[in-house]
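In the two complexes that follow, chain A is the common piece, with chain B as its partner first and chain C second.
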Partner chain A sequence: MIAKRIRLVAVLAITLLFLLAWVFPILWSVLNSLKTDSDVLAYPPKLFFSPTLEPYRDVLFGSASILPNLVSSFVISIGTTIITMLMAVPAAYALARLRFRGKKFAGFYVLATQMLPPVGIIIPYFLILRNIGWIDTYQGIILIYLSFSLPFAIWLLVSYFEDIPFEMEEAAYLDGASRMKTLWRIIIPQVRGGIAVTIVFVFLNAWNEFLFAVVLSGNTVRPVTVAMFNFVSVEQTLWAKLAAVSVLAMLPVVILGIVAQKNIVKGLTVGAVKGGGRR
Partner chain B sequence: MPHAAATPPAGDLGRVLAQRERRFAAALLAPAFVALLATTTFPLLFLIGTSTFRMDLAMPFADGFVGLENYRTLLADDRFWSSLLVSLIYTASTVVLQVALGLALALLVMDMKRGQGWFRVVAILPVVLSPAVVGMIWRTFMLAPEFGIVDYLAINAGLGSQNWLGDPTLAMVSVVIIHTWQWTPFAFMVLLASLASLPEDIYEAARLDRASAWQRFKRITLPLLRPAIVMVVIMRTMVALTAFAAIFTVTGGGPGTATEILNLYAYRKSFTELSIGYGSALAVALLVVTILISGVLFAMRRAK
Partner chain C sequence: MKPFAPTRRTFLKAGTATAALIGLGPSVLRQAAAQDADLAPYKSAKIDWQQTSGETITVAVIPASYFENLISLAPQFKALTGIDVRFEKIPPAQIRQKSVIDLTSKTGTYATHAADPMYYSLYDANKWVEPLDSYLADKTLTDAGWFKFDDIIPAWRAADSVDGKLYGVPYDGEVTIQVYRKDLFDAKGLKPADDLETFVKNAAALNSPNDRIWGTALRGVAGAGQNMYIYPSIFREFGGEWFKGGKLTVNGPEAEAALAWYVDVMKKYAPTAAANWNWPDIADAFSQGTVASYIDAHSSASVINNPEKSKIIGKVGYARWPKGPTGKRVSSIWNWGFPINAAQSEKKKKATWLFIQWAASAETQARTAHRFAGPTKRSGVNRTSIWKDPDYVKLMNGFGDNFVEATMATLQGDTDVDWRPRVPQWPAIGDTMATAIQSALSGQATIKAALDDAQRRVEPMMRG
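Entry: the complex of A and B
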């Protein structure tokens, strides 16, 4: 009985430690973003203080506002999401539902493109985009983001398309509906949930991308993950402001992550199940 | 496909319908495949091309075709071999830590009667964040000497203030911990999901046979969980090999080249030192390493 209780307490302590370890760095950034400059530098660190919104006012509306960078992040992420979905939904439908020669190879090709290390894509694209003057433009960044968002979206959508019963299409064909009409009217509404989940993940991945953004961004297009560096320099770090920017950069993805909570494992493991498990 | 559509009618009508289906499929696939060819296959060929050139953005007058010269340089380049070693250490240690901690926690949480929901929500937080933001938070609020919480705890534990990102060994430990912090929840969530899907009656039978907890784990849980574990290992290995943002923001590969994984070396060579040709050869080397390692892992997956 006592041994059992000790075990229970130990398990509780270990699991709580994990919870704390995951929450703390995020929570600590939030707390620091609500501090005055003197509170943020206080030693020992202050857990309790009178909160202020000053850092947020500074980074949003001050002289070095990151508002344009937040706009950049949103334009890139939304643009990537729209273009990716327009291409991925039809492609995923074809891969999941239609019969044609080379289908297996097509599916494998989509998976294999993800093997290519991003640094190997950005080197040639940097040269090409520089030649056509597309560095520091939205179209340049969004184009190269398709390299990772498309394979991801296609494979995630395939898994949703495969879940619809075939009888639905057959009934529509028997009623004389065309293929296109069937896809639009019958199939797409069935996978609305899957499309919504895919949109969330494509947006999230685009928002979080860094390597392509750091190479291709400039004064016009600079997402918030890159602009964040303005607040740390060799001479001084603007702690509270940096914390505020970090929180602003985290906010959209945390909200989306919690919205997509039930589907997160599926979103994270997309493609892997395909590699040889299911078929 | 196991669940192909209804068998098409035989004869001419069948052939016409099948042809229509093929055309329809081609039309639906075309935009995505053109985009994929343009953004992945084409750059790969281009990259292999530039890797055979001397291409120096700082000294363009010396540019020209050099054949395999870049690859010969690479094989004799100490910094290449050391970055490869750093890559392997980084990948192996982060993957092992993620799987071990994630599995341990999944087993503990699985036995909890209440509060599982908390873990499911909290575990989402790190994995949805941008590695660049995660790196920045750790570099400043967690690890900055005398200011960061980790250093504060170290001082209070009597270890004294440490230069977490300035000492070569500690910097490596730090970037490994940061990656592990961010991605253990991934292993945890995936393994918890597959633990929850294991059949209950096997455990019932084992309990009736008076199998100990350790025996149940070793004989039942682990073999049943093996596919999920292998999948996590494969996915995390691929990501760790091309990890960039978290190391770039935290140490930039330094001090010196202490945390410079091969991926980062290819980046630095191309975009900091502006040797695009040699940087391309390094990127090709990274692709080869990735393919080799994934080949080994997939072979392990098939082996029973």
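Entry: the complex of A and C
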């Protein structure tokens, strides 16, 4: 009994420690985003200070407003997520269920595109987009983002599709449902958790992407990850504003995470338990 | 220090609807509009500014107040030349990457960009940018008597040239100087150091971590423009030569002595965190009164004098780089200059040159500096004549004692264009050296081992 309690306390303590380490940078950003520049630099760091919304006002409505960049980020991330999911769900289903020639190769090929280091393909991407006039456009950036979000989404979803007992599908066929109807009515509701997880990760990757964005974007389409760097000027780092932008950039992802949390937890555990599937 | 950056549109409005704005818009807009009309100083140049009218060029710059000032004057350039300039702001770390991608792929995306002077060897080796001497000599493109190229700070011009050929025109620059706290120095009867030995003695005398005052701080974070910005000066002052008998040499007794000096100073008299500091961090710490002296860019003066956060305004003095054991002073120099992208049509190249000439001209330099209507004034103007202009000098001396004198003396006497190895392989060499310096500072490797290892790594780069 006592041993059990000690173990519980130990586990809680360790969890708390990790949680603190994880929460600290976020908390720190939030605090700094509410400070004046002189409070940011104060030593010892001020926990109690008169909070100001000045940094937020500056980054949202000041001369270097990041509102257009937030819009860019939203369009890119939502666009990427929708197109990825529209293509990845059927593709993953096909790879998990159908028998067709070249399936193994197709599966490998999808993954192979992920084996190149991004830095190595950035120049070809730049050249291609440049030649078709898609540099600094939404379609250009979304197209490139699809190149890494699609394989990722397909492979994540395949594992969820494989976990669904084949018998469920069979039952649907026996009742006269077509394959499409079965996919839509029977399979997809079953992998809802997996789809939610995939959506969150695809959105997250697109939202946080920096390397491609910095090279392929310009003045018109510039996501917030790139714009954020403008607060680290060569003259000085504008800490309070940088923190405010970080918090603003974090918000959508945090909200999405909270909304999808129930499904994520379910999705992650379903994905984790393997072997219960077909064959 | 909030950069003043009205959008292009506000300026166009100001130009066409000045009357409507008077009384409504901020006074800076009115002044800018007034400046807008005054193109006479440019028109006195005996060239046809309108010769490429209708062209559009894209210029990549970094986010910095000195470029913001220039961007806000773009409508004046448009009125003068009929050329549309699109500015794209790219963070300093990425502007190199992005411009190199543009140059290698010959896409001509950026007509010109704010270039790292250390990259000109690479640009030249690949013929990515135009040699500019012919543009300077062409009477239809440049009025030599008006442009007065020789008025531009010689050290920066030299840094933007390879083997005597000019590839970039300096727009804004800096030079490293000694910055110190007058009040702390006076209290102990110290003088700013004239040699590195005194510099260490001063740091030791003022180092008092228990009172949260450290003797000094130098750039510690690894990077070609960070620790490899400050170390090369020390290396050269200790008698180091990058090319011994034509071979790139980064180790040896001089290098060891120089690195030992740097590591010793950083470990004994700088805050521990300074090992990860870049220049803005040093300036921030100094502005909070926790660092007694540092050696870094003269342009950091505006940060340590920022009334919004600095606690030491009025207590700052400046001096030249301390001399090394060889008796030499070698300052670290920097400038953002504009080259001409070679992958463009002849007409675009001409338009680009007109832009460069406009930006680097004495008139535009003054309009973006002491005569700028906004709050931020540049401290890196490219012209000797402006550094002698009483209005500018008065403004600059507001940064503290001896600022203009120290900056000018350093720019004229203490620079050495080869303070870092200027070869096409620089980007890789810079990174290798930065890692070596960091591993010595962190104690992962002995000084000798770190330098010998760096030597082993740079040798194949020079062969390839």
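As a working rule, the second predicted complex is superposed on the first by the 229 of 279 C-alpha atoms of A that agree within 3 Å, B and C clash if a C-alpha of one lies under 4 Å from a C-alpha of the other, contacts with A are read in each partner's own complex, and residues count from 1 in each chain.
Operating definition for what follows: a contact is a pair of C-beta atoms (placed from the backbone, for glycine too) under 8 Å apart; a residue touches a chain by one contact, two chains touch by 3 or more.
Quantities reported herein were computed from a predicted structural model and do not represent experimental measurements.
Visitor: More residues of chain A in touch with chain C or with chain B?
Guide: Result: the larger residue contact count on chain A belongs to B.
Visitor: Is A:Ala64 in contact with chain B, with chain C, with both, or with neither (first, second, both, neither)?
Guide: A:Ala64 sits against chain C, while chain B stays out of touch.
Visitor: Thinking of the overlay built on chain A, is A:Ala177 touched by chain B (first), by chain C (second), by both, or by neither?
Guide: Neither chain B nor chain C is touched by A:Ala177.
Visitor: Per the contact definition in the header, classify A:Tyr43: touching chain B only (first), chain C only (second), both, or neither.
Guide: both
Visitor: According to the stated criteria, A:Asn230 is in contact with first (chain B), second (chain C), both, or neither; which is it?
Guide: second
Visitor: Contact-wise, after the overlay, does A:Ile82 reach chain B, chain C, both or neither (first, second, both, neither)?
Guide: A:Ile82: touches no partner chain.
Visitor: Please indicate which partner A:Ile135 is in contact with in the superposed arrangement: first for chain B, second for chain C, both, or neither.
Guide: second
Visitor: Counting only touches as set out at the top, which of chain B and chain C does A:Pro151 meet: first, second, both, neither?
Guide: first
Visitor: Based on the superposed arrangement, let me know which partner A:Val215 touches: chain B (first), chain C (second), both, or neither?
Guide: After superposing on A, A:Val215 lies in contact with both chain B and chain C.
Visitor: Using the touch definition from the top, say if A:Ile123 reaches chain B (first), chain C (second), both or neither.
Guide: both
Visitor: Based on the A-chain superposition described above, do chain B and chain C contact any of the same residues on chain A, and if so which?
Guide: Of chain A, residues 41, 43, 123, 126-127, 214-215, 226, 229, 232, 237 contact chain B in one complex and chain C in the other.
Visitor: Residue numbers of chain C touching chain A in their complex, please.
Guide: Of all residues in chain C, those touching chain A are 1-7, 62-65, 86-94, 97-98, 101, 104-105, 107, 109, 212, 280-281, 283-284, 287-288, 290, 299-300, 302-303, 306, 308-309.
Visitor: Would you mind writing out the residues of chain A in touch with chain C in their complex?
Guide: Residue positions touching the partner: 36-38, 40-43, 58, 62-64, 122-123, 126-127, 130, 135, 214-215, 218-219, 226, 229-230, 232-237.
Visitor: Would you mind writing out the residues of chain B in touch with chain A in their complex?
Guide: 1-6, 18, 20-22, 24-29, 31-33, 35-36, 38-44, 46-47, 50, 101, 105, 108-109, 111-112, 118-134, 136-142, 144, 146-147, 149, 152, 181, 185-186, 189-190, 193, 227, 231, 234-235, 238, 241-242, 244-245, 248-249, 263, 266-267, 270-271, 276, 279-280, 283-284, 286-287, 290-291, 294, 298, 301-302
Visitor: Which positions of chain A touch chain B when the two form their complex?
Guide: Residues 11, 14-15, 18-19, 21-26, 28-29, 32, 41, 43-45, 86-88, 90-91, 93-95, 97-101, 103, 106, 109-110, 113-121, 123-128, 143-144, 146-147, 150-151, 154, 162, 166, 169-170, 179-180, 204, 207-211, 214-215, 225-226, 228-229, 232, 237, 239, 242-243, 246, 249-250, 253-254, 256-258, 261, 264-265, 268-269, 272-273, 275-277, 279.
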